[in-house]
Every structure is written in structure tokens, then in C-alpha cells.
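Think of it as A, B, C and D in the order they're written, each chain with its own count starting at 1.
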Amino acid sequence: MSALNISLPGLELKNPIMPASGCFGFGREYSDLFDLSQLGAIMIKATTKDARFGNPTPRVAETSAGMLNAIGLQNPGLTKVVEEELPWLSQFDVPIIANVAGSMEEDYIEVAKEISQAPNVHALELNISCPNVKTGGIAFGTVPEIAQSLTKKVKEVSAVPVYVKLSPNVTNIVEMAKAVEQGGADGLTMINTLVGMRIDIRTGKPVIANKTGGLSGPAIKPVAIRMIHEVSQQVAIPIIGMGGVESAEDVIEYFYAGASAVAVGTMNFVDPFICPKIIAELPELIHSLGFDHISECTGRSWKTVEKLTHHRA
Amino acid sequence: MIKQELCQVIDQTEIATNIYELTVKGELVHEMKEPGQFVHLKVNSGLSPLLRRPISIANINQDEQTFTMIYRAEGKGTRLLATLQQGDLLDVLGPLGHGFPVEETDASDTALLVGGGIGVPPLYELSQRLTANGVKVIHVLGHQTKNAVFYEEEFKQLGPTFIATADGSYAYSGFVTDIIKNENITFDVLYTCGPTPMLRALEQEYRHKKVFLSLEERMGCGIGACFACVCHTAEDPTGVSYKKVCSDGPVFKAGEVVI
Amino acid sequence: MSALNISLPGLELKNPIMPASGCFGFGREYSDLFDLSQLGAIMIKATTKDARFGNPTPRVAETSAGMLNAIGLQNPGLTKVVEEELPWLSQFDVPIIANVAGSMEEDYIEVAKEISQAPNVHALELNISCPNVKTGGIAFGTVPEIAQSLTKKVKEVSAVPVYVKLSPNVTNIVEMAKAVEQGGADGLTMINTLVGMRIDIRTGKPVIANKTGGLSGPAIKPVAIRMIHEVSQQVAIPIIGMGGVESAEDVIEYFYAGASAVAVGTMNFVDPFICPKIIAELPELIHSLGFDHISECTGRSWKTVEKLTHHRA
Amino acid sequence: MIKQELCQVIDQTEIATNIYELTVKGELVHEMKEPGQFVHLKVNSGLSPLLRRPISIANINQDEQTFTMIYRAEGKGTRLLATLQQGDLLDVLGPLGHGFPVEETDASDTALLVGGGIGVPPLYELSQRLTANGVKVIHVLGHQTKNAVFYEEEFKQLGPTFIATADGSYAYSGFVTDIIKNENITFDVLYTCGPTPMLRALEQEYRHKKVFLSLEERMGCGIGACFACVCHTAEDPTGVSYKKVCSDGPVFKAGEVVI
């Protein structure tokens, strides 16, 4: 019997490990390295209505225990994703979580409606960290009302459950989480990247052409753990956690904080086999901690010990 | 096929100021097909530095199951790489990308190989392949200064070799493009790797010729998944079509992408 | 002639390097290691009206390229700081920046009024990351109006210029900076720590007794650089930058972003001699970059090249 | 005086399962005065791990200018420490803190040294100092299991030595406190270092005796500046008075601080 299978809205996961959006493309490259059917799910690269080239290069920069990226949502656009990428992915026995992005509500709605109908898309992940052109570029994910309204409208059109991906660049993450929960979100994914910058001291210019970029990797893990710890105690919907995951131990830390599944982003670049490695290591780790099933770990850092003692071996 | 392997360091030598020649042994050598491919190196096991470093394959020895890289120890990662000693293990991902098309030069033709600085290394394996095919190979190699020159003898053994230094401290003073003109070098195919301004100058100058350029770009994954290293295609320079330097390149035909 | 002296409101600095508040105590321990008169300034540990014991231990936890702390503003209280610590520090030829904290406006005002009269206190640093008991524990530094009002009232009573230390845990750092500038701040110091958490996977509990702690160290540098880059273009008052500084190169990166001086926090724990080491390395680095004086570096990442070309050697 | 020095590794040996004995050489050895002081180690030059690790001084050799540490390789930092080899350099900050007061025991007295796990090491230098003063020293050392026992012979050469293992796999089965009672061990002064529950039990049991305890706490600076490692004083257990484990301790007189 598996100690790793997890049921979440729309998702029957063999295991709770999946690559994070933007860090795995549409799976093609990694499929040469290992069998994608091993993964719990795949969060594919953000899809927008039209194809996007993204930002000028350099688009990435290294930081201490992290990296900055400003890819700029490069993707082949809704039609190609639906007609080429998703059918190609359907050869694998793995649910797809489609990351949906846009610069206006209308964009999101259009993409959500269509992409959610693909047979292997089992859930959407709304990327609300994108700048909203109608409010002068303020990200959807930093204003509770805007995020809530977007969630509501996407829910109306989506054929599958909708997870909203929270931006950590806010004063009050609980307020954002509650707003999208009230908007009808079936789950949360958190966190997206922190906004950061590096400056090249030889040129005096930002290393990244776009100037600012999103900070990801182990550096941000403590921020993610804190936010999931706070949010999971205040909402009733499940959380897929992410931010700097690099080991099976990190997965447990995310579960203890309150996550029900975990995505691995940046560390795929450091070790392309990291997802299958973590999946392989989890069962032994879980048992050595005294659990029969990984789901027992969720929220253990804040659930009362009484509730949990029966889980110990 | 791309493999990830802990390769064993066979030798590491400083062959010019801050320029290291590193030879490692591993099974992934069997996967190395084209000159101009690269590997992605994790220089230590911790998180500092976090990302892998792309380094070209400079020489492949299938019999010994080894390959050689030549790199400049400059930043955090390459300086750590330079501390590796014989017997140490190095985490290598590769071979990556598409290299120089050897088959584009016929046995009777002349190939001109133009390298600049740390763009020189992949030309060494290329030159060996070409000469093995009977191609006549001419090398024009530019370096910053005398102390940065490396592999002059090695290239000379494969064909005529001209060296330029930017500061004039050794051999020709000036740019590789000056040498090609001043020496009236003629060729059928040009292969080049080096700083972007040099590549641009060559592309410009020899637009009617067969030219293959190896590009450099900041990378994340190195395998084509993260979209860090894209460039516009030449036929759609402001549109959405693109090539990835890591997996479609690093070698492109001149005129294929915007550099 | 020095390439490092910097004039800021209230502060004539030999060099722009100073230990950050809370990472250097009141200087006694480091004075056994090197002559404190070498430092540009010293930001002393937060002082509150009454003595505080702070939080239960463990109070610190390591993270990737960073650490969490929840010291809880332990300090001997205003009277002892004024009567013992500051007089002791007056033996050194170094201006003191007094970090002022509290849980109500009244506390800040009382501390600011009195501590600003100490002869060697040349500036105050208002630590507005503290929870405000009157608003249910929401930090002063996350609500622009509250931060502005506090700044104004402290300015009224302070005998020396007032720098406000911004919290990075906000959606809009520029808005906060402008609010305190309008409140009369003479300068900004930024950034304070990001709120984070780590969970011990063996115990299932947060590593830090206080649960959450402040994330500091190299991990947060990209966030600090980004915020200083944004804020320095929008305010007219100078910025003392901090967050993960570990080398002379980092100091230049902070200046390029828009800082006029730099504080070193966490890295004092890793290398207690780091401040004098950086001070010793700076002149050569500055000259190798083509500058005569470090002040030329401020804002170079966003000032137009035209304005700056005459600085190049 | 506290110094920071790159000390040279003279020897590193695994003396029990995951327990390493590490001897390094450096001038800061001359500053090491009291048994029970500790050093703060930067286990590698990068940022992972970031913080120093506090490790007790287990043995000081002034003639050779060396000192020895004994530690358990467990987490990220200590596992890296265990990879150091002879000739490598180790960044040491120390000596730090206040150690065990040797002078509190007269030559004619008996000292009982009680150690638990990785609390045992500092007692070795202490025992040598005490025996050198003519003090009779008895050691009671508790370990988790047989494979974790170390330095039994070394302690035996200095005085009677009783070993307990928690799982009963070697010598006495049970706790150090059981041994002291069952063996009717009497003493004038007790010095102890080990897990907090053990220290509490001893403090409780021997409140009428002279007892010195060495505490452990998570540290930032290690020198008294960051307030990471404070504990309440016993006379003001809920108030604002405090002691810092790193600079006021790690050794305290029983009853001085709340443990």
C-alpha cells in the first residue's frame, strides 16, 4: 500500500511531488531523462492567450542559495499548448495542472475556459502574480478584491478545480488567501517568487535585462514555510507548497507547515532528477518519523499533539 | 543522451594565467558526439553557488573515457572548480546542446576556426575532427594578453595558427578580424566561438559564406526547459519565434538567430 | 584623502560601513576584537523604555544562506542604555545611531526624546517592524499612516536626525518610504528582516520558540537591493542599506542600487572582523572600478550614464 | 583573548560511530585557559552552512600548540566538518566562554565528573587538570548505545570510570544518576555536561552540593553580542535579568540560572 497517494480537488496523486510551473517547461526535456509517469503531477509553464516571447536576456541571475528569473511568461500560447503540448503529455499517466496567466481578467477567463477542457488537465493554477494592465501594472495577486473577482470569474468557466497561486509580495498573505477562498478557489499553491534584483558591479547595471526578477530557491524557503503555516490555519482549502524544496526532509517540513502536496522548482535546474529522487526517498523517511501515510504530516506544526499522537508508530 | 554523472578528476592544470585545463573521466563520454557541445557542472555539493556552470567540451578521448574542459577561473563557481584535484568527483550533466556541424565541410575544403578568449576551447575538438576528415584547418585565435594565451602548440599541430592579443603583448596586436584580412586567409567554411561582438563582426563580414557561430547566454536548466537562454530567430526578430541557446544551440548557422 | 567619508543628516562618517542593529550588541564584545573607532558608525541594539528579557529560546535557526532570529528586543532598557552603554561607547571616536523600539507610540516618543540627547548619539533609527499593541499587533511598519504619524511625533521630540527603518514585509515599499519621508524622516534604513519560519522535522515544531523569526543574511540581499533600487528613485532622503552584506563588492552593489551607506548584520556572526575587513578593502575596489570616491557610486544603476561618465577614470 | 585563526588539521579520526576526534594546530591554543571553554567553527568557506558551530575543547596540548575536539557528525555542518583531512585549514574562533572552575576543588577532595553523550568531551581536559592538581576524580559517562562510547580508556587512566548506555548494550544499563546511587559514589564537587534533562536531574538531586553545569543553547555570534543564547537567572526566573550561555557560560554554578 502506498504511503504517498494524496487526493486533492480534481487530483488523484500517486505521490504529492510535482515540478513547479516554469521550471519544467511542458515536460519534453525531462521526459528524456526519466519517466514522467513517476511524478505526482506536472505544473506546466504558464499559458497565455497569445504566444509570448517574454523578456530580453539575460533572464536569470544567481543569488546566494537562490536565483532570480524574469522569463516574462514566454510560452507558445493557448492554441499551441492545447493542440500540441497537452496531447503530447497525455502519453504519460500523470495529471496536469495548467498554470494560467494574463494581463487582463478577460485573458485569464479565455485561457481557463479552453485549457480546462483538455482531458489531461485536472486542475488549473491561477498565476495572479502577473501585472494587471488595467490597474497600471499592479499585480492581481496584491489586491484582495481583484484576486477574488478574478478567481470567481475563472471558477465560473473552468471545467476543473481552480488553485490560486499566491504571491508572497504582500503585507498580509492570510487576507489574500481568504479573499480567493471566498472567490471559490478549490485550493492554493504558494509561494510564487519574491521580487528581487542583482546589480553587476562591473557594469553598474542590473544583471537581469528586465531589472527586477523573481527570487526562488532555498533562500526563500523560510518565507514560504511561514506563509503556509499562517494560511493553512485560516483557510479550509488545501495548499500545494513550494519554494526552495531540495530534499525529502523539506517536503516533510512543508507538510508540517500545512501543505498537502509540494512542488519543486529551481532545484530541477541543479539536479534534473530531483523529483524522482525525492519520491523514492519519501516512504522510508515517513516511516522513520513514525507515520504510516504522508497525509498524517499535514499541519503537524500547529495541530494539537493530542490529535496527532495516534499517528506515531 | 543526456546523463548526470559524478565524474572523476584525472588532471587539473593551470595552463595560462587563471586558465585551467580540467580532464575528467566518466561514462557520459560515450554520449559525446559533436564538437561544440557543452556540459553543465555543479562545482560543489552545497548551495553556494547554487546553479550549474556551462563549460564547453574541448577534447574528447573515447579510449580513455575522458574529456577535457578549459575554463577561466573568474567568478565564484569557476574559482571553486579550480580547487578540484586529481581523484575528486565532479557532478557533470551532459553532453548538452548541438555542436559544430563537421559534415558541412568537405575533405577538400578549407575551414577557418576563429576563437576569442574562453571561446577557443571547443574549437580544439572541432579542429581534430575536421583534420581527421582531411579538411585543411586554419586557426585564428584572439586573446586579451600574452599570459592568457593557451594551446598554441596544440592548434599548430593541427594546422596554421595565428594568435592575436588585444593589448599587443604577444604575436599580432589587434583583433582576429584584422588577421584574417591582413593575412588574406581564404576559406570555405568558418566556425567560430567567442565574445558576441566578435561573432557579430564575423557574421557581418562573411554573410555570403557558410559561417557557424557558438553563442553564450546565461542559463538556468541547460536542457531547454526554463526559457532562460532564448534568442530571437533572424526571420522574426521582434516576434515570438525563438531558439534556445542551450538545446537548439549553442552553435547556430549565421543568419539563423539574432545575436 | 579619503575615498570613503560620507556626510549624512547628523552623521559625519569616516566610512560608510557600520554594524546593523542587534548584530553588535552595544559594542562591548567586539571592542575586545578590534578598535571600534575604525567603524563608520555603530547601530546599537534596539532600546525600549523598560528593560526586556525578550523571547524564550531557541531564538535563532539557520536557513540556506541566512538565519532566523526572534530575540524579542532583549535590552537593558532606556535608563541603563543612557547611563551605562552610551557613556561606555563614548571612549570611541564613532557616531552612534540609536535603534528605538516600542509597542506604543508613547514608548517610542519617550525613548527617542531621551536617547537623542546623549552626546554620542548622532541619529536615531526608528525600528517600526515592532508589533503595535494598540492595533492588535500589526507592525507599525506595515501601515503607511501609522508609520507616518509615528515618524512625525518622534521627529518633534528628537534632538538628532531620525532615520526610519523600513520593514520589507509589505506590498508596496515605495508607499511606506514616501509616507515616512512626508512624516519628516531625515533618512531611511532598509531592510529589516523578512518574516520566516523553520520547522524541525524530528519534533514537528517550529525550530524557534517564538515560531516565526526574522530572516536575515545573504539570502535576502536580492530583496533588499530591489527595494532600495525602487525607493531611492522615489524619495529625496538618503538610504542606509542592509541585508546580507558580506563583502566590499556587496557594499558597491548597495550603493549602485541607491544606498549612501551600508550596515552589516548577520555576517558579523560568521566573521566578527568583517566590518574592518570590508573597510580596508573598499578603497582599492572603488579605484579599480574607476571612481575617486565611494559617494559617486550611489544610484549608479538607475542614474543616467551621461551623468556618471565623468566619474570613470 | 578571543582570536580568529585558520588552524591546520593535524588529525581526524572516527573514534566511535559518527563520533570524530579532530586535532588542530594554531596560535590561539595559547589563549586556552580553562577546561570547558569552546570554539566556534566555520566548517567551510562558503555560505552553506552559514553559521559557525560551537564545539567544546576536549584536550589542550600547549607544547604542540594543538587542541582536540570530539563531536558527533549529525547535521549539515558537523558532517562537513567530518570531511576535513590532515593539512586542511579550519576557521576557528575562540576560545570562548567560561569553563569549569578547577580551583573550586581542593587537592584532597574528590570530584565527580558526569557526562552525557557529546557532553563528555570537555570533561576530559577538566579531568586532566584536576588530577594534575592531585584531586581524586571519578567519571560517570552516559551514552546512547555501545557504538557511541568513546574515550573509556583515556578516562580510566585518570580515575575510576563508569559507563552507562541507555539501551543497555554496554556496561551499566540505564542513566548516569542510577550509577551514582547504585555505586554509592561520594564526592565533594560535581562537574557535569550533557543533555538538559540530565543536568536538571543532577541539579535537583545534589542541590546541597557544589555542582557546576555546562549548558547548551543555539547560538548566533558565540561571543555575547546577539542575545541568542540567554537564560534566566535563578533569582529572577521570570524577570529581565539574564546570563548568556556563550560568554557568561557555558559553565554555571548549579542554582545560578534556570535550566
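In this text, a residue touches a chain if its C-beta (ideal position, glycine included) is under 8 Å from a C-beta of that chain, and two chains touch if they have at least 3 such contacts.
Chains and their UniProt names: A, C = Dihydroorotate dehydrogenase; B, D = Dihydroorotate dehydrogenase B (NAD(+)), electron transfer subunit.
For clarity, every value in this text was computed on a predicted model and none was experimentally measured.
Considering every other chain in turn, the ones in contact with both chain B and chain C (Dihydroorotate dehydrogenase) prove to be A, D.
Taking the mean of the C-alpha atoms as each chain's centre, chain A (Dihydroorotate dehydrogenase) and chain C (Dihydroorotate dehydrogenase) sit 34 Å apart. The geometric centre of chain A (Dihydroorotate dehydrogenase) is 36 Å away from that of chain B, both derived from CA atoms. One finds 55 Å separating the Cα centroids of chain B and chain D. Distance between chain A (Dihydroorotate dehydrogenase) and chain D, defined via averaged C-alpha coordinates, is recorded as 46 Å.
With touch defined as above, residues shared between interfaces to two or more other chains in chain D number as follows: 47-48. For chain C (Dihydroorotate dehydrogenase), residues that reach two or more other chains under the stated contact definition are 63-66, 217-218. The touch graph of these protein chains is complete, with an edge between every pair of chains. Residues 63-66, 68, 142, 169-172, 194-199, 201-202, 204-206, 211-212, 215, 217-223, 225-226, 229, 244, 249, 252-253, 256-257, 289, 300-301, 308 of chain C (Dihydroorotate dehydrogenase) are the ones touching chain A (Dihydroorotate dehydrogenase) in the complex.
Residue ranges on chain D touching chain C (Dihydroorotate dehydrogenase), taken from their complex, read 1-2, 4, 42, 47-52, 93, 217-232, 239-240, 242, 247. If you check the complex, the residues on chain A (Dihydroorotate dehydrogenase) that touch chain D are 64-65. Residue ranges of chain D in contact with chain A (Dihydroorotate dehydrogenase), taken from their complex: 47-48. Touching chain B in their complex are the following residues of chain A (Dihydroorotate dehydrogenase): 22-25, 28-30, 32-33, 45, 50-54, 57-67, 69, 71, 74, 76-77, 217-218, 246, 266, 268-273.
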